[in-house]
Structure formats: structure tokens, C-alpha cells
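In this document, chain identifiers A, B, C and D correspond to the written order of the chains, with residue numbering beginning at 1 in each.
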């Protein structure tokens, strides 16, 4: 039988995740809309929202990149991986709302805390996804690679510091969140070698 | 001729459904947006909407999972399968609206009834899709698998009870709907074996 | 060289079109949202919008189905096909706006005319796409199949009658538009044989 | 090992970009919605927004086409290509917001400037993407093809002139932007030969 029962294929999980992430990464953009044409005041200029959008876009872009590297080494997945993946997508799907909230109230505390919490929860969800992948596929090379995820731990610590920093200044918190993103933009030598990729 | 006339390929049906479901599962998230930054009151906190979003997200996630298991055993499909699939997607596409409605008016009766009705109709549509798949592809192993769909029947009964429970309390109804989802989150030994999946 | 210059592959055109259609078919659903919970009046019940949504959903579903049958016989495409396809997607992308407009003002003339015009323009765009496909790929079996597109011509005539009927009653016009959809829901023996589909 | 570590595959980058572009190209359409049914005045007719939507749709369509031609010659990509691609998608994702802004305030200066700036930045992002692709894959035929990108340079100059023209008349600026699009709609003999494309 050509299509046996069994878990979702990694390929389809990847392609579904891509579609979800594609919606998440773009849906916010439509909100960046000043209510007026000319004669903008600084309050309705849309600039804070534009900056928040950049922050959210880079955040999702990094997860898309990491998600791909995580899944592409997977050869076997099971139901737990499927739900761990949906769990990660759930937290990522809150980024548009957090972004719009942060962009509309850039100096308020709650939106800044919300963004940090989503950052931490997405990090935890990503870790869980990695663990379920390793569990589903013993002997996966991933095991070795994820052994010492220093960058992931540092990110979580920085998000926690950022949430604390909200009580000094929400803008300081956003600065720390952006620092996390910059850290990830630097290529990771562990997973991204420049080898040729067939297909 | 490499691409003969004939019905839609299962692969393309699957991939189109995935794209539709990806939009459905994420589009609601942008609505979770309190109108203010700090100084939220309980009414405009967005928390009921966030909880409704979780409920809708899990609902769609379960259908995505089940949909995949249903279609992957299919080798032949025809026009009836195509429309039965669109019929299912139609009911799923009402979940975002039902979610936002429920989240904005969590103690009102009509939104709670609407969510239950969509749950029942999606269940019926899923059943019809299964039947058209069996009809399109005699001898499909699916036939055997779907023979006694206890879980599906129990879900329908629980949704009906939930709709009745609205008249006691809408929150009780949501509790019953969530119970249905929890029941599906438990892995189904019939369809999801941990076998290796090539591709 | 494995990936030579040349036109867009039919597969990628198909998959891009699928993604666009997936967004179009679902995006409207979020709009079906009564402003209140209980105590709805007939005006803000959302029911006309729900019915309009069904009409738009079936309209797009039919085009997705036909689009697939048209493209799957294609082996060669060129830049003209690419733009003829985008032209069709453009008209389809106006369906959500036309649907919401019609649903909010079901007894007004302009929305009913708009829906009919989009129906006619989409039909013309589909015809042009068929012609560019035949031109791009001489000897395509499609040529034979499209030779007598009675159904397509009847649809165009009915949409024109529908636009005229708006001046008697917009609801009569919608009735005629729905008749066109019903006509297409009947399986077409020319293109949809129940043959096995490898892949 | 079947799925080695390495960069994102060109196929997946392409398919993710397609999904993002599919959302971008359609999401604006829902905004084209006059607040009333009959009795429209010229101000709330939605016509300027419809025209702006056509302009944005063609803009994105051209990028989708060019993006495909650029990526399909790529056999090797790396992390820089991935981020250069996301950078391009970022600018494209601002088109819906710029379109809605321009359509709502067609005679205001700021929206017209914004559209021009997005046009220039997307052009720069496309150029950077081309350069990173060449760098990632020495000996790529693309190198030769991109050698003299006259059309790209002319576009950038025209967008700059358009931004200047805003101070004469925003409508003149839009005229110049549309001229750029028309220029790209003419088939490019360098990249789009009518050769057969297997799959």
C-alpha cells in the first residue's frame, strides 16, 4: 500500500507550518495605517507601529529559519511532534496581536510584558518541539546538535530580564528584545553550513 | 500523456486544504487586541477572547490532524470528494467568526449555540468526506478503520448536550466543547501508529 | 544545468494560485460577526452576510475546481499564461469585498451589480487563460476540450441577465447568480472522469 | 543521511515566499468596501481604493514573477540568501498598507511618497537578493544574466523621479509608478524564453 497509516510526514508538517508562518508574518502589515493622509501628528503617524512591525517580522523570520533547521533533520515524527509543533505555532500566532498592541501603546507596560511573555513561551515551545523530535527519532543527529543550546538559554534569560526592565521603561524592554533578535541574526555555525542542498 | 484528465490529485487537495486551514487557524489572532494599553478593566482585557482563541485553535488543530489521516490513505478521489472537502472547509472557516463572537460575549447564549452548531456541522461534514472517500476508492483500508467511529459519535452527542447546556449556562457549554477537544488530543491508536514515514 | 531559464513551471503556478485562492476563500469569514451577543435585531444578525458568504465560497470553490482542471493538462506555459492567471486571480480576489458589500446591503442595487460584474469579468479572465494555455502549448488536449464551452457561455449570459434583473430586484439577481453556481456544481463529464490519479 | 544539515533548500524558500506573496497580494482586497450600498458620493465610492489596489496587485505580481526567475536558477543558497529574501518580503509586505493609504487619500503627498519609497526599497532588496544568490553559488548563470540590469536601474530612477513629482502632484507620481509597472509587464527576453519546463 503506497500510503500507509502512520504519523504526519515531516514534509507536510513543514509545509503546513510554512503556510501558517506566512500568514503570521504578513497579516500585521495591513494594520500599519495612519488614519490620515497629510497633517499627521506624532501620535497617529504609524511610526511606532512600523517599528513594532519590524521587530515582529524579524522575530518570526528567526523562528521560521530555526524551525526549518530543526525539522529538516527529522526523518520520523509522531503525534506528539505534531502537537508540539502546533503549540509553537500557537505562540507565534500571538505575535501579530502583541505587535499591534505594542505599536499602538509603545510606552505602556502591559504590551511590553505581553511581548516578552510570548517570546519566552515561544522559546519553551521550541525546546519542547526539539525534545519530542529527538524522542520520536532516536539516534537523530539533532540530539547532538541540541546538546548545548547556549543561544536558546541566553535568549530566555534576556526575555526575563526584559520583562523586569518594563518596570524601569517599556522602551528599554523592547531594546532587550531586539538584542535577542540581533543575536540570532548572526549565522549559527552549528546548523547552517554552506553545503549544497539537492532539491 | 503525463497529466491526464481526471479528478484532483489527493496531494493537491491536501495542500490546498492545508493552506485554507493555515489561514483559518491564524486569522483570528489579530483580533485579540485590547483597545487600551495599561488601565484595562476586566471587560476590555481581551482575556475571554484569548481563551476563546485557544479553544478555536485546538479545534482547528484537531481537524487538521484528522483530515490528514483521512486523506493520506486515499489513492483515488473524484469530484464528490472535492466538494465534500470544501464543505468541511466551509464549516471550519466559520470557527474564527464563532471564536471572536464567543470571546466578545462570553456569557451570551447565541455565540455559545453558534459554536456548538459549527462543531456538529463540521463533524457531519467530516463524516460525509469519509464516506465519499470510501465510495471513490473501493477497498480502501479506510473503510475498515472508519467502521466504528465511536469517538466521532461521542463528539456529536457531547456537542448536542453542550448546545442544550447553553440554557443553563453558556460557560458550561464551552466547558463541554473543551471536553470534546481534550478527548481528541489523546492519541488515537487506530490511525496514528509510530511507523516510519518515507517522503 | 538542472534548473534552466524558462517560464514559470505549471506546478508552481498551480501552487501559488492555490495559496491565493485559499486566502480569498477564507478571509471573508472573519467579517461575519454580529456587533452584539444576544438581543439581535434582524438588521445586525449577520444572517444576510452569512448567506452572501456561502454564495462567495461556492463561487470561489467552483473556480478552484475548474482552474485545477484547466492547468493540469498544461505541460508548457509562458509569460502570457502567468499574467492571464494573475488576471483571473485579480477578479477572484474582489469576491470577498463584493460578498461583504452584498451581505451588508442585501437590498441595494450597486452591490448586486458589482457581484455580477465580477462574475462576468472572472468568466472572461478564465476564457483568456484557457486561450493563452492553448497558444502556449499547441496540440494540448485542452484545445479539444474547450472547443464548445457551452456552460461557460450560458454562465456569462445568466450573469448579464442577473445584472439586468437588479433593476427589478437585487434579490432576484442574487437568485440568478446562485443558479449559475448550482449549474457548475453538477459534475462536468468532459473534464472530470473518475480515473485513477497517480501522485 | 537523507536530510543533511545545510541551508534552507531553494524549493522551500520559493514555496515559503509564494505563500507570503499570496497573502500580500490578496489581503488588501477586503479593504475595498464602501461604507454604504446605494447613494454613494464620490468620496466614499471606493473607486480610488480599487484603482490603488490594481496598482499594488500588478506591483506584487511583477515581483512574484521576477522572484521566481531569480530563484529558479539557484542551486545553492545559504543563510544570507535566506535573510536577503526575507528583507525583500518585508518591503513587499508594506504594499498593502501603502495601497490602502494611497487609496484613501489619493491627493495627499505622504501616501504617494510612501509608495515610492517602498518601490525603491523593494528594488534595492531585490538587487541585494540577486547579489547574495550569486555569491552563494559561484558560476551561477544568473551572474551573466544580471550583469546589465538596465530595467532595474531605470525603475529606481523613475521611482525617485516619482517621489519628486509628488510635490507637483501626487497623481502625477502615481502615473510614474504605473509607468514602471507597464515597463515590466513587457516580457523580458533575457529570462523568459518559451522553452518547455519539465514539472
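Before moving on, here are some points about what is shown:
Quick note on the criterion: a residue touches a chain if its C-beta (ideal position, glycine included) is under 8 Å from a C-beta of that chain, and two chains touch if they have at least 3 such contacts.
This structure is a prediction, so every number in the text was calculated from the model and none was measured.
Both subunit B and subunit C derive from one sequence, and where they touch, under half of the residue numbers involved are common to the two copies. When you average the Cα atoms of each chain and compare centres, the chain farthest from subunit A turns out to be C. Centre-to-centre separation of subunit B and subunit D, using mean CA positions: 35 Å.
If each chain is reduced to the centroid of its CA atoms, subunit A and subunit D end up 25 Å from each other. Contacts with at least two other chains are made by residues 15, 19, 22-23, 27, 31, 75 of subunit C.
Here subunit C touches subunit D in the complex through residues 1-12, 15-16, 19-20, 22-24, 27-28, 31, 75-80, 82-83, 86, 89-90, 93-94, 96-97, 100-101, 104-105, 107-111, 136, going by the rule given at the top. Looking at the complex, you find that subunit D touches subunit C at residues 14-15, 18-19, 21-23, 25-27, 29-34, 36-38, 40, 54, 57, 61, 64-65, 68-69, 72-75, 141, 145, 185, 187, 191-197, 199.
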